[in-house]
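Questions regarding the structure given below will be posed in turn.
So that you can tell them apart, the chains are marked A, B, C, D, E and F in the order they are listed, and the count of residues begins at 1 in each.
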Amino acid sequence: MEPALIFDLVLLLILIGLAWLLLASTDLFRAVVLFIAFGLLLALAWVRLGAPDVALAEAAIGAGITGALLLVGLGRLGSTERCRFSRAPLTFLQRLSAPVLVGVMIPSISLILLLEVHQLAGTTPGRQGLINAFLDVSGSGHGVTAVLLNFRAWDTLLEKGVLLLALITIWSLDQARPLFHQEDISPQLMGLARLLLPLVIVVAGFVLWQGDQAPGGAFQSGALLSAGILLAILVGYSLPQRWQGLSLRLLLAIGFGVFLLIAAATLLYSGYPLQYPEHLAGSLILLIELVATASIAALLAAAVVGGHPPDDLSTPAAKAPSTSGRR
Amino acid sequence: MTELIVQQNWFVWMTLLPLGAAVATFLAPGQARWIGLTTALFLPFCALAAIAATVFSTAQPLTVGNWPTPLGIELRTDGLALVMLAVTALVGFIISCYALGYFPPRQHHLSRTHYFWPLWLFLWGGCNALFVSGDLFNLYVTLELVSLASVALIALEGGKAALAAALRYLFIGLLGSLAYLLGVGILYATYATLDITLLGEIISDSRLNHAAMSLMIAGLVLKSALFPLHFWLPQAHTMAPAPVSAVLSALVVKAAYVVLLRLWFEVFPALDTLAIGHLLGLLGCVAIIWGSLMALRQERLKLLIAYSTIAQIGYLFLVFPLARGEAMAGAWVGGVLLMMTHACGKAAMFLMAGTIHHTAGSDRISRLAGAGGPIGVQVVVFTLAAATIIGLPPSGGFFAKWLFINAALATGQWWYIAIILSGTLLAAAYIARVLGWAFLDVKRSSYPVIPWVMKWPPLALSVIALVFGLIAYAPVQIALIGAPVSVPLLVEFGP
Amino acid sequence: MNTVSLYAGSGIILFSLGLHALLIRRHLLRKILAANIMGSGVFMVFIAMGARGESGVADPVPQAMVLTGIVVSLCFTAVAIVLAVRINKLTGCTTLAVDEESSID
Amino acid sequence: MNDLILLAILSSSLLPGLIIFTLPEQSVRLRTILNLGGAGVKLLLVAVLFLHVAQREYAELRLPLLPDMELVLRADALSLLFLTLSAFLWLLTTIYAIGYLEGSPHRSRFFGFFSLCVSATTGIALSGDMVTFVVFYEMLTISTYPLVVHRGTPAALHAGRIYLAYTLGGGVVLFFATVWLRAIAGPLDFRPGGVVSALDPTLYGSLTIIFALLILSLGVKAALVPLHIWLPNAMIAPAPVSALLHAVAVVKAGAFGIIRVIHDIYGINFSVELNLLFPLALLAAFTVIYGSIRALSQNDLKRRLAFSTVSQVSYILLGVTMATPLATIGGLVHLVHQGVMKITLFFCAGNLAETLGIHKIDEMDGVGRRMPWTMAAFTIGALGMIGLPPLAGFISKWYLGLGGLAADQPWIVLVLIGSTLLNSCYFLPVLHRIWFVQPRQNWPPSALRCGRETTWALLAPPLITAFLVVALGLLAHSFGSPLYWVELIAAREYGL
Amino acid sequence: MLLSDLITTLLLICSLPFFLAGTLGLLRFPDLYCRLHALTKADNLGLGLVVLALMIQADSWQVVIRLLLTWLLVLVAGATVAHLIARKAQQDGHQPWRR
Amino acid sequence: MIELYISLALILLLTIAIGLVRVLRGPTATDRMLAAQLFGTTAVAILLLLGQAGGNTAIWDVALIFALLAAVAAVTFVRRKDIDTTTET
């Protein structure tokens, strides 16, 4: 057996074990930490499968956003199952569905898959060839970027919509509350932030820029930036007042908005949505990526903060200190 | 000028416009109502233009970015897409008007008003994108867009029950779409294409494809709340604000069903689906009976209406066992017709329930007693919409059931007839219960004034729902454009 | 036995594990984690399938789709957490077992 | 002639109805204008159509419903018979209802559904095929329910539930039977001689079952025993509703449907061939006798009238099932005559209730002195029902009897005689009470000008219909009279 | 085998004990404060050796800088996090382990 | 050489597996967090090795991002407001 295969095997065993442990764990904090580890190893799996773009995204999200989201959420929720009301017994259907699904359906489907996928392996080549054929007119030198922002840009457009929608949902649900203890920011932490933040910006720019030729792109870059913003929030930076109203909303919406405008413009111009003129394709993709990065960064950070800004619309008497931070 | 109108790809605009308006309402919350209403007003015209363009055969399906299909995403202008766009536009417009009254500009929950519009426009845009999508993965994205927007709208009510319903709905949506997505992954692995048309041409009857199909169907069945996977629906549809309940019952449940129709008739016709068809049909039957019986037991109007939705969804799933051989077209058209009528009728009912709640302070059915005066109109609304739900003519539900029974006769599946007929009687029973309260004359202290935008939209919807059967010819003809089935709808069979 | 079926199979297993937990676990955060694990399983099937063919050259389409999927599931996670927190704040519950009676009026 | 007139006739009641729903309760004047205007326009249009059809210019309008299904509106002689009756009586009933409901709540709702109901009846009359018939027939069900329960009392709601249960149950059966028939026989246009006679003999079994189902379902509205329970219960409704709907629209819709099925779907000859009619004739005869006997013991005036309706409607069926021209003429003409007579009686009953609060027969002692005009109309109606020559009722019974003899079924005559005796038994004592018994109490004197017994809106309609009862009997053989018309229909049906 | 490969191999093999030591420390050290050592010292040194090994294989300065940057970042992060965790532990009232 | 890189990566992976025991055993939340932090470092090493083995420098970017964001989760953990952090098993 080759070491590579053993590596895969071990990796998968650990992943499955982790999933099992974290889902079965009674202590939720432990579950969250295990989930962070799970994300870490998942990135390794993506690397092993030759999908560095996905690995980059997983790294940026898993190491930064998801961990923060879950930890913050856990902090606000508490880790034990609590309910004032008497614990409603599982309904008959619930009780039935779990064994039926897990005991009968899933194994049978898995069995079919395992049997047949084995036959499949190495048969169909995928769409690599077709994509390569069109790559030079796509405006991007990297397959994944070309697919995301040109061939299947419609998906990406809607996905940006989902992001904005998620934020609007979060804002509609709650008001932002302070994420952390105000007092007591140690100088070491400040130092770390001062060192990391410029680096985060540089690396984010690098990831964005190289998305044209190599793995990387708006989402990875945006996720990285948002982790930076989070760090900034965590060490006490806060958003200047003038950045909280329309400007903030503009920043959040600009990625989706510009993408939509481009779709509309191309639809008017050529009759096909998102059919970029060939000589403009590169620039348009770059433009979309730039604004998308900015929006994604802001959106993800705002999602972790979890609520609308205190000055937003409904509560004129904003008194809570600003929390959604960005320098 | 006509050139310009006809040559525009209106069905694409119907996705872009509401999404753009959603962004605009997010950016300018103060103007949200007007932006929203203008968009809502504009979309029915877009739908008409899209239909005109397709009927006069200038609009063709197109791929995004004009890339050839295995590479690009196909947007379709077939009949199913067009009628769903149109029905959504119509119902959406009326619901938007209603929402103006339901979410008045100045009230304590000011933010609710402001957040309703972007969320609703997102939902609308997502639905439209879903209807025109011809790509399996794109369908996943649109499904998620729709279900996230629905979650948000349910949660907008703000109460703990609403939030719990929203979160449960979120999990259900996630579960459903992940199962669907897994199926998509398997199909892509085999055929390296996600285009519905292409897949339909090359797919073969293999175990792997069956696994993919089962996963996808299971996911969508969960999202469209077929018994026994309906458990999430009553709470979700009941706890939401009234216009949202209307949207959810009228449109969102149908969105998953439309995808299911597309899969069944366009992707998987080559597969041997007899057993699954019968299973879905059987569950549909149980849903009809169970939903109706549960509706009969409810004390709250909205819950009753929600359970009625479950029963009606059951009818929709009869399409799958009935649509075979010669009866294919009849059953398919029956499903589409029922979907359209039910959208109007159910929306009218939920809006009416919202108005009752608004005026009477509760939507307990017993509060309907003495429903004279300002809410007398709502009793009319309920009666007319009831005709639709029971399936009385001239509503479309009547003709849909006609087509189903005809298909059942033609395919020799008699037991479905018994279910359809007894479902009709059960529907009449639970409707009659409400009517009994609504017509009961007792003295009531005066009701608060209902804003006119909450009074007339339900009536308009119920009238449309009632006469839908009479004007169904054009919608059905449009639905048959590029449909996977062809006429005749009514099969005659000899001895 | 090869790499692709190994990963694809693991993806299915992760999916099933997540599904099981999503159905039977009560704590909201745990349900959220379960949904994420399910998603990861699905994505793994995608990527594994895309990784077939000549070594190293992966099909970009599944990767693009998975990127989209990751974003979507992240959005759902974020919303779910905020919802859960909100429910907890209103009811003091960390489960969905809101008593049915209170939901009536 | 433009075929769109058919659509105009339909919408002349449908549109006012829909508009009335949206009117606020206070706008009495607008509502009255809409009501009377609609009724007037409809009567005018029907008159135009009548003249055309009399000259054998049949109008037909086909509107596509679904790719293989059409809404067929056709005006032939039979439809005109029913249409004229309902259009004319609608106008009268509208006037009556405006007077009757003055000042009561929910009038927008009432008149809205009232108009819908008339539209449905019109649609039934104009239906050119079975599908269209079913559409309007079922529409009638849902639009009548709000009228039955209009009073909103628990008793009314109970009656409404019974009504819905019977009619919707019947509706479902009708629906199924029609779909089945459509599936084996193709398009079901109403055609003299029927459309199913050419079918394969192996289908005869199915056809018999379908016929039974059709009769079963249509018999609900036609109040065939034992499906008649809803009718006496529904008498809880306001008088105009009982008058128009339960004397004319609903029960006649059922009878009309049965006529259509026997004449224009199965065809008389084919029905005879399949032996479908005799059982139906027995059932009808039983209903005639049973209804009369039950009427005897009713003390509530409207309930007595209701059981009388049960009995009288089956005369129509009796005539149709004899399958001879004369009997058919008797049955069909009774459709009109019974309608006119019965509506007179209901109007009068309504006047009694509205003016003096009288509901029971034993409260009617000497009421003829207080309300002479109303009671005169009542008397004419009652005598017509009994079949006293030369009133309208006599004409129908005469032809029915002749038809029975022509069909070699003399027992029919026995049934008629028995029924007539029973009719006399339950009407004559009432008349006696009205005119010859001393009033037990003093009724409050009329507050109206010149001591008129009640308002014009309530008084005029029964007087007009009472006049008609006489006129239809006396002028039975003149052009345009129901009898003349019915003879045309029978001639066409039997190919004479 | 090239000299560079040889050195790389040697360095990599040398790094191994550090990682193992780090893990062992994490597992076996008696309390939080001790375990922090594993985080800050052993693994970072191991990583340093790996980075060094790979730097030898690098064909451009760019790569070398990238590798170095990665290592430095890990170092800084590790140090700061160790500090923060220690402080938090102290605030939470964890007593250092005593024999 | 490639075998060497992969083998080394494999061993590092195994150390992670062993380190998981600490996450499971705790006893305090801080201990678990600490272990996760350590995994980060090891994962960076694995990624570097895999990148070298596969000749794909994009993988090093992943490593770089891991290194950059290594602190975020831990800092969140330390600074967040919470109800109960010290859950004992």
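In this text, a contact is a pair of C-beta atoms (placed from the backbone, for glycine too) under 8 Å apart; a residue touches a chain by one contact, two chains touch by 3 or more.
Values in this document were obtained by computation on a predicted structure and should not be read as measured data.
Visitor: Which pairing of chains accounts for the highest number of C-beta contacts?
Guide: A-C
Visitor: Comparing chain centres built from Cα atoms against the global Cα centre, which chain wins on proximity?
Guide: Chain B is the most central one.
Visitor: Using mean CA coordinates as chain centres, what's the gap between chain A and chain B in Å?
Guide: Each chain's C-alpha centroid was found; their separation is 31 Å.
Visitor: I'd like to verify one number: the distance from the centre of chain A to the centre of chain E, where each centre is the average of its C-alpha atoms, in whole angstrom.
Guide: Those two chain centres are 28 Å apart.
Visitor: Would you mind pulling out the distance in Å between where the CA atoms of chain C average out and where those of chain F do?
Guide: Whole-Å distance between the two chain centres: 21.
Visitor: Could you state the distance in Å from the CA-based centre of chain C to that of chain D?
Guide: Their C-alpha centroids are separated by 66 Å.
Visitor: For chain B, give me the residues that contact two or more of the other chains.
Guide: 137, 141, 144, 148, 151-152, 155, 163, 186, 189, 192
Visitor: By residue number and range, which residues of chain F touch two or more other chains?
Guide: 16, 33, 35, 40, 54, 56-57, 64, 68, 70-71, 75, 85
Visitor: Would you mind listing the residues of chain E that make contact with two or more other chains?
Guide: Chain E, residues with two or more chain partners: 69, 73, 77, 80, 84, 87.
Visitor: Looking at the whole structure, which two-chain pairs count as touching?
Guide: Final set of chain pairs in contact is A-B, A-C, A-E, A-F, B-C, B-D, E-F.
Visitor: Flag every residue of chain B that touches chain C in the complex, lowest number first.
Guide: Answer in residue numbers: 137, 140-141, 144, 148, 151-152, 155, 159-161, 163-164, 166-168, 170-171, 173-175, 178, 181-182, 185-186, 188-189, 192, 235, 239, 299-300, 362.
Visitor: Give every residue of chain C touching chain B within the complex, in rising order.
Guide: Listed in rising order, the residues are 8, 12, 15, 19, 22, 28, 31, 35, 38-39, 41-42, 45-46, 49, 52, 59, 61-62, 65, 68-69, 72-73, 75-76, 79-80, 83-84, 86-87, 90-91, 96, 98, 102-105.
Visitor: Which residues of chain F touch chain A in the complex?
Guide: On the chain F side, the touching residues are 3, 6-7, 9-10, 13-14, 16-17, 20, 23-24, 26, 29, 32-33, 35-36, 39-40, 43, 46-47, 50-51, 54, 56-59, 61-62, 64-66, 68-73, 75-77, 79-85, 87, 89.
Visitor: State the interface residues of chain E toward chain A in the complex, per the touch definition above.
Guide: Those in contact with chain A are residues 69, 73, 76-77, 80, 83-84, 87.
Visitor: For the complex, give me every residue of chain A touching chain B.
Guide: It comes out as residues 91, 93, 97, 105, 109, 112-113, 115-117, 120, 124-127, 130-131, 134, 150-155, 158-159, 161-162, 164-166, 168-169, 171-173, 246, 249-250, 252-253, 256-257, 260-261, 263-264, 267, 270-276, 308, 312-314.
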